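Chain naming follows the written order as A, B, C and D, and within any one chain the residues start at number 1.
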Amino acid sequence: MPSRLLRTAVKPIGAQLAERYRTVRAATMALAEQLAIEDQVVQPCAEASPTKWHLGHTTWFFERFVLADRVRGYEPVDGRYERIFNSYYHTIGSMHPRSERGLLSRPTVAQIHVYRSRIDERLLELLEARSEDTDLADLVELGLNHEEQHQELLLTDAKQVLFANPLLDVAYCSTAAPPRATATAPLRFQFEPAGFTEIGAESPGFAFDNERPRHREWLEAYSLANRLVTNAEYREFIRAGGYTTPELWLADGLTSVRNSGWDRPLCWSPDLEREYTLGGWRPLDPHAPVCHVSFYEAAAFAAWSEARLPTEAEWENAAQAATPIEGNLRETGWLHPAAATPDARRRVWQLWGDVWEWCASAYCPYPSFRPLRGSLGEYNGKFMCNQLVARGGSCVTPTRHIRPSYRNFFYPQDRWQFLGIRLAKDA
Amino acid sequence: MPSRLLRTAVKPIGAQLAERYRTVRAATMALAEQLAIEDQVVQPCAEASPTKWHLGHTTWFFERFVLADRVRGYEPVDGRYERIFNSYYHTIGSMHPRSERGLLSRPTVAQIHVYRSRIDERLLELLEARSEDTDLADLVELGLNHEEQHQELLLTDAKQVLFANPLLDVAYCSTAAPPRATATAPLRFQFEPAGFTEIGAESPGFAFDNERPRHREWLEAYSLANRLVTNAEYREFIRAGGYTTPELWLADGLTSVRNSGWDRPLCWSPDLEREYTLGGWRPLDPHAPVCHVSFYEAAAFAAWSEARLPTEAEWENAAQAATPIEGNLRETGWLHPAAATPDARRRVWQLWGDVWEWCASAYCPYPSFRPLRGSLGEYNGKFMCNQLVARGGSCVTPTRHIRPSYRNFFYPQDRWQFLGIRLAKDA
Amino acid sequence: MPSRLLRTAVKPIGAQLAERYRTVRAATMALAEQLAIEDQVVQPCAEASPTKWHLGHTTWFFERFVLADRVRGYEPVDGRYERIFNSYYHTIGSMHPRSERGLLSRPTVAQIHVYRSRIDERLLELLEARSEDTDLADLVELGLNHEEQHQELLLTDAKQVLFANPLLDVAYCSTAAPPRATATAPLRFQFEPAGFTEIGAESPGFAFDNERPRHREWLEAYSLANRLVTNAEYREFIRAGGYTTPELWLADGLTSVRNSGWDRPLCWSPDLEREYTLGGWRPLDPHAPVCHVSFYEAAAFAAWSEARLPTEAEWENAAQAATPIEGNLRETGWLHPAAATPDARRRVWQLWGDVWEWCASAYCPYPSFRPLRGSLGEYNGKFMCNQLVARGGSCVTPTRHIRPSYRNFFYPQDRWQFLGIRLAKDA
Amino acid sequence: MPSRLLRTAVKPIGAQLAERYRTVRAATMALAEQLAIEDQVVQPCAEASPTKWHLGHTTWFFERFVLADRVRGYEPVDGRYERIFNSYYHTIGSMHPRSERGLLSRPTVAQIHVYRSRIDERLLELLEARSEDTDLADLVELGLNHEEQHQELLLTDAKQVLFANPLLDVAYCSTAAPPRATATAPLRFQFEPAGFTEIGAESPGFAFDNERPRHREWLEAYSLANRLVTNAEYREFIRAGGYTTPELWLADGLTSVRNSGWDRPLCWSPDLEREYTLGGWRPLDPHAPVCHVSFYEAAAFAAWSEARLPTEAEWENAAQAATPIEGNLRETGWLHPAAATPDARRRVWQLWGDVWEWCASAYCPYPSFRPLRGSLGEYNGKFMCNQLVARGGSCVTPTRHIRPSYRNFFYPQDRWQFLGIRLAKDA
């Protein structure tokens, strides 16, 4: 039973959970509705998925992992959807290739809306009928966290759909934008002495399997930057020839730079003066955090700065002290990273929101890690190779979704996500 | 001036041409409107284009080659459309890559409809203002023939969009289907003695530049099959191991078979019992012509039949005697090839419509060929390498569009078109 | 029986053929022996093959098509050689991939020498034993012509092996070079009136199956350039921006130029002042014929010159009048194309030797073409798609090997061969 | 100065170092001389390099990093060699592409022998002249360790060259083979309690920069297998359907399996009964360690065994207790992994030699890692992304070359190396 692993202590059972279910599901629809139907079909790159696929996949997740397992004699809404909306669960069966999601015109957006409604109905019925079933509640909670992940991806991917249009004035939401900054906090490195730390998810409370078990780690002394790297700082790196200085780069990074022709962050204009945002093209804010850089670029920038990236344990150690969680998350509605406002009373900025922060840590299992049982075991564990950890959420992450132990993970060449840089140093 | 080259004798000038313009343009819209918006966005393979791109490109063709050249101080509806809707006119400027047309969500279908309306308005104004301008009339006639080509492509490509959906019951038009046959005409080879023939477009009358000049060709004696190869005949070739018998295949064909895993025509079910049509999945009609085969498959089938494919001169020589043009063209509404009904009075079937017929002839310039002047010179001539001629139109070709001298051309590996086989023999 | 098809009238039977066999086979060895062992292993591009593979393959050809078929109970020297040395005879069995011939270190050069000796011994025994067997003589003659083709390829391919070494002073033979010219014949176009011509191989006499049957063709009036295009002329085309002028190019040619970064013939230095030859790097001779250009470049150059390439029938029509065959063929020892020396008495230069001349003709079967029976039917016929004809032999072709009806064929993007340009015009 | 970083305490200065230099360099030549010249040219896959390239590259390493930096006015033996023999030092200049090393026929083996002799001469002169220069001694020691790495690679790569020949009886050395085993030690897991360990290279003594600094790591309790996984055990995994059971595989591993068609270790016969060795094809020894498996296969096997792979800290912790170093290293001459002989007195087998052991650890910098200064900083540090650590040396590693802190690193899909599996478990 997943309950042992998810270990949620105080369950939002029955009406409470149903209410949350309705809220989260409606939020997904609201995000999609700002897009034209055409925008919801296209897959701009292999990493991204069409909006309508996100709408269908999150629904299938509830159908397959909750209804099909918990409702006796359950008949799927449409048996052919499984092949289309199964993302990567090989133990369930074969699936439509990820890179070809943009080749499917059907089901249409309207058909997927119907699918969502029918599953919502069945799921709410089930919740009502089994309002004391904590295993069920755990599964639904997992499904809602999964849905929140896809809300974030929906926005991330839609940005690339719109950016791929050579017609320059397309915006997801023309009013989305952080206030333009006139200054930012001066860069400082906060010292942390050597010692044990504990990282990973505490029970009780929802967390993904990859955040567990909580365990001790030994940290050598280190220093962590008080804020993110800014556009101005990154532009200086570019202008200093950063992209053409081999000694700054990891070997595979240099290959990526040369093969892909990278010479600036994704979504920047060639003149380094403007950037594409969910609010459309905007002048680059020099004080705002740089965004849409690969791990390779983050590491090269760090080398150029005579610094390095933090490990995930170093990051989490600092983040545990930076609660409650506040920051430029989705709820600000800015949908773009914002500058750290100078404030003499603050010690550290931007740990939450703005951009996911690349860590120096390969995405690996924690000691004694156990994946969820059954097909849900494919959720996280099988990706623990070739990827790097990113932490802290971004400007399109729902606040409720992020926590100190949250581990996101990306390939080092990924740039389509809201990914940025915080520096660290050996003490 | 193109007039010299297009040499249309009796001009449908003024009101007459305007009427034809309205009819052709409305037909395109009517074809598109049977599709969901989602279907109009997707590009299923590099050869095919999204419906909405066809709608925009044909409009841009009138804007760029008629309005921009003929209206003093013409301001484009949207200057950014040129890069998107320019298909392959390098002398005009750079263009969005052909294989990435399905990555564009914008302009939306609705925006393209507005674009069409605005261009139609301007073009009809121009026709009214210059009702005696024969050069203009020639150009508009070229644009309308171009639009008819894209009507055909719209249907051809939409078939692949719908076929690419693993949901099996999607049809372009659920009532489209030829009557199911109970027999077909017996296969006979018609003898033609050696001698000179004349091929190519006669003046006056519209024709593309690649059909000119009309010229004599010497033909050795040959025989031409009286009808197309049927599904039953092709299925026999498959069952006899045709796809795994190397001696039947051209070298590059064998490579295609092996690399692509071909073992049957495109759109056939693996059990060789059903085929996908614009009317949805249907039982294979054994008497109907085989369709969606590459040149390599056509040539291998011919070798297996101890025959060969006709040259284009042989085909045109026969077709000149088979007028007026009647056949299973778009106007039947069947949108799928149909069997040749046995009829003792007929000598030859299916030269018009059903499927484009692969010829043994490489697509080359005729003696003394001259392309149109200016950018329109890129329309046909530059493709005269690596492609083969196909003749006779298909079940989605408008009747008015086809003629004996019409030269279509495809790469030998192309299968997405309605392409089929007529056999020939040395006499 | 192949004898009917090869139709050799006066047979070089018995001792005469044995003598020719020894001469041809020894010539191959002599060509290879100028290379280091290392040079004989490498495959510089998919089109080319390692020297040692040529040595083995030609030997296997005699073993498989003569000894194995004609000697009762024949046991192969090494049964595993068939998979390695079978070039493309699918009806015989599967083969080592062509593009991976450079991955084989074994058999070594010395082992292949032993293989050659043993087959030579067996073959000469057979010739002696069956000195009156004309079918055998035909087959051996085919094998010797095949060997001559590979002698030419050995030199062609070795040039690319050596050219691929960034060490600049490597030559196949440091003394190979034509005399440097001080002038060339002025370019003139020779008029030919319309009329029938006969092309193809006459019986008797050896010819490949693709040269048959001899047949009439109707030619419209045309003019043919009296000499090849020179380096100086081609350099002018480059300097005039030929490579970046889209209207000059075939569509697939423009794609090749852009994808491959072509901006000059293969083997030219970036400054257009030197070229790599089998005698090493040399200053470009402005009067010598341009060499190592693709069909696309030939066609673009012709367009820029307001001319075109000749068809193969036009070329052969002219070549029939230009006999006996004399020219810069392998026997000059220059191994590089040479300038046409001005000479008021000459009407046409360079039809034989120097470079293979790209024709406008797709490589197609002649009317009533029949390939050889059995596996030898794969020799030529299956390549009759996607390739273009080249005529006249090159500076590395043995004189005895070339004739007016000889059809060579290459893909339009091929440049590794000694390929050049002769212009033609509509009259 | 590198001396600070290499921290060699007792220097083998002057005559002693010269003697070691001669020995190591001669050993490389001896390894190469067992191969035909042809074998020394071929590059069987991108990971491997031709033998003659190894001979040249190691020589260039001494020329460029010792002679050029330490000899005033040094003139290179051949300035063009730098581009050919520079492996990956971008700060020195551009280089011939790694994947095209097999396209170079020149310099020939004989020319490279001359190059080696001339550099040896100059280097021995320098050592004699500066017999007290410890910085020089450090550099030469680095060069000799580098040469030892390439001795190992020479054998590893030569195995793939020979294996790529479809002629089955080619061996590097027909007498190379471990004694065939009749049994192996029973598998046991040795418990290690939680606690601090220290890993990394101790000063003094030679080590690569990536082994430094020595530092503490906290280990949770774990158990380590007493011996390597055997062929019999791995074959059982195959026969149990391991390769087609998705839940055992990392996501990227499953992709590799499917794209590459893996269904057994590299060098095994399809019937799982024989394997290719440097001594030629041999019956599979069920008791010998499995070899030539990727990280993905190692991880899948571990999952199937309900175990995991050890981290590099766990491995090094165990290896520190297993000294002095003894095992099936190159000096046995077997050149193939050998079974662990049952022996009641032994606690652990095969930590040294046989196969490199895949670790669960991503190849990352140690805390406070600093690469060597200058171009030698590219030696190790820039590869610290996307690769995994492997430990313990193999049957082709020189004994002198291996130590507990030695970190080798490979991409997870690599199989051409002698790579095998030792299991571990959470305690």
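As a working rule, contacts are C-beta pairs under 8 Å (C-beta built on N, C-alpha and C of every residue); 3 or more make two chains touch, one makes a residue touch a chain.
Small disclaimer: the values here were computed from a predicted structure and weren't measured.
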item: Most distant chain from subunit C, judged by the mean position of its C-alpha atoms; value: A
item: Chain centre separation in whole Å, for subunit C relative to subunit A (CA means); value: 60
item: Inter-chain centre distance, subunit C versus subunit D - centres from mean C-alpha coordinates, in Å; value: 47
item: Intercentroid distance (Cα basis), subunit C paired with subunit B, Å; value: 38
item: Shared interface positions of subunit D, touching two or more other chains; value: none
item: Pairwise touch network: line, ring, star, complete, or other; value: ring
item: Contacting residues of subunit D [partner subunit A, same complex]; value: 88, 90-91, 196, 215-218, 220, 246-247, 249-254, 295-296, 299, 308, 360-362, 364-365, 367-368, 377-378, 382-386, 412, 426
item: Residue numbers on subunit D that touch subunit C, as the complex places them; value: 36-44, 52, 78, 80, 83-84, 96, 102-109, 161-162, 164-168, 170
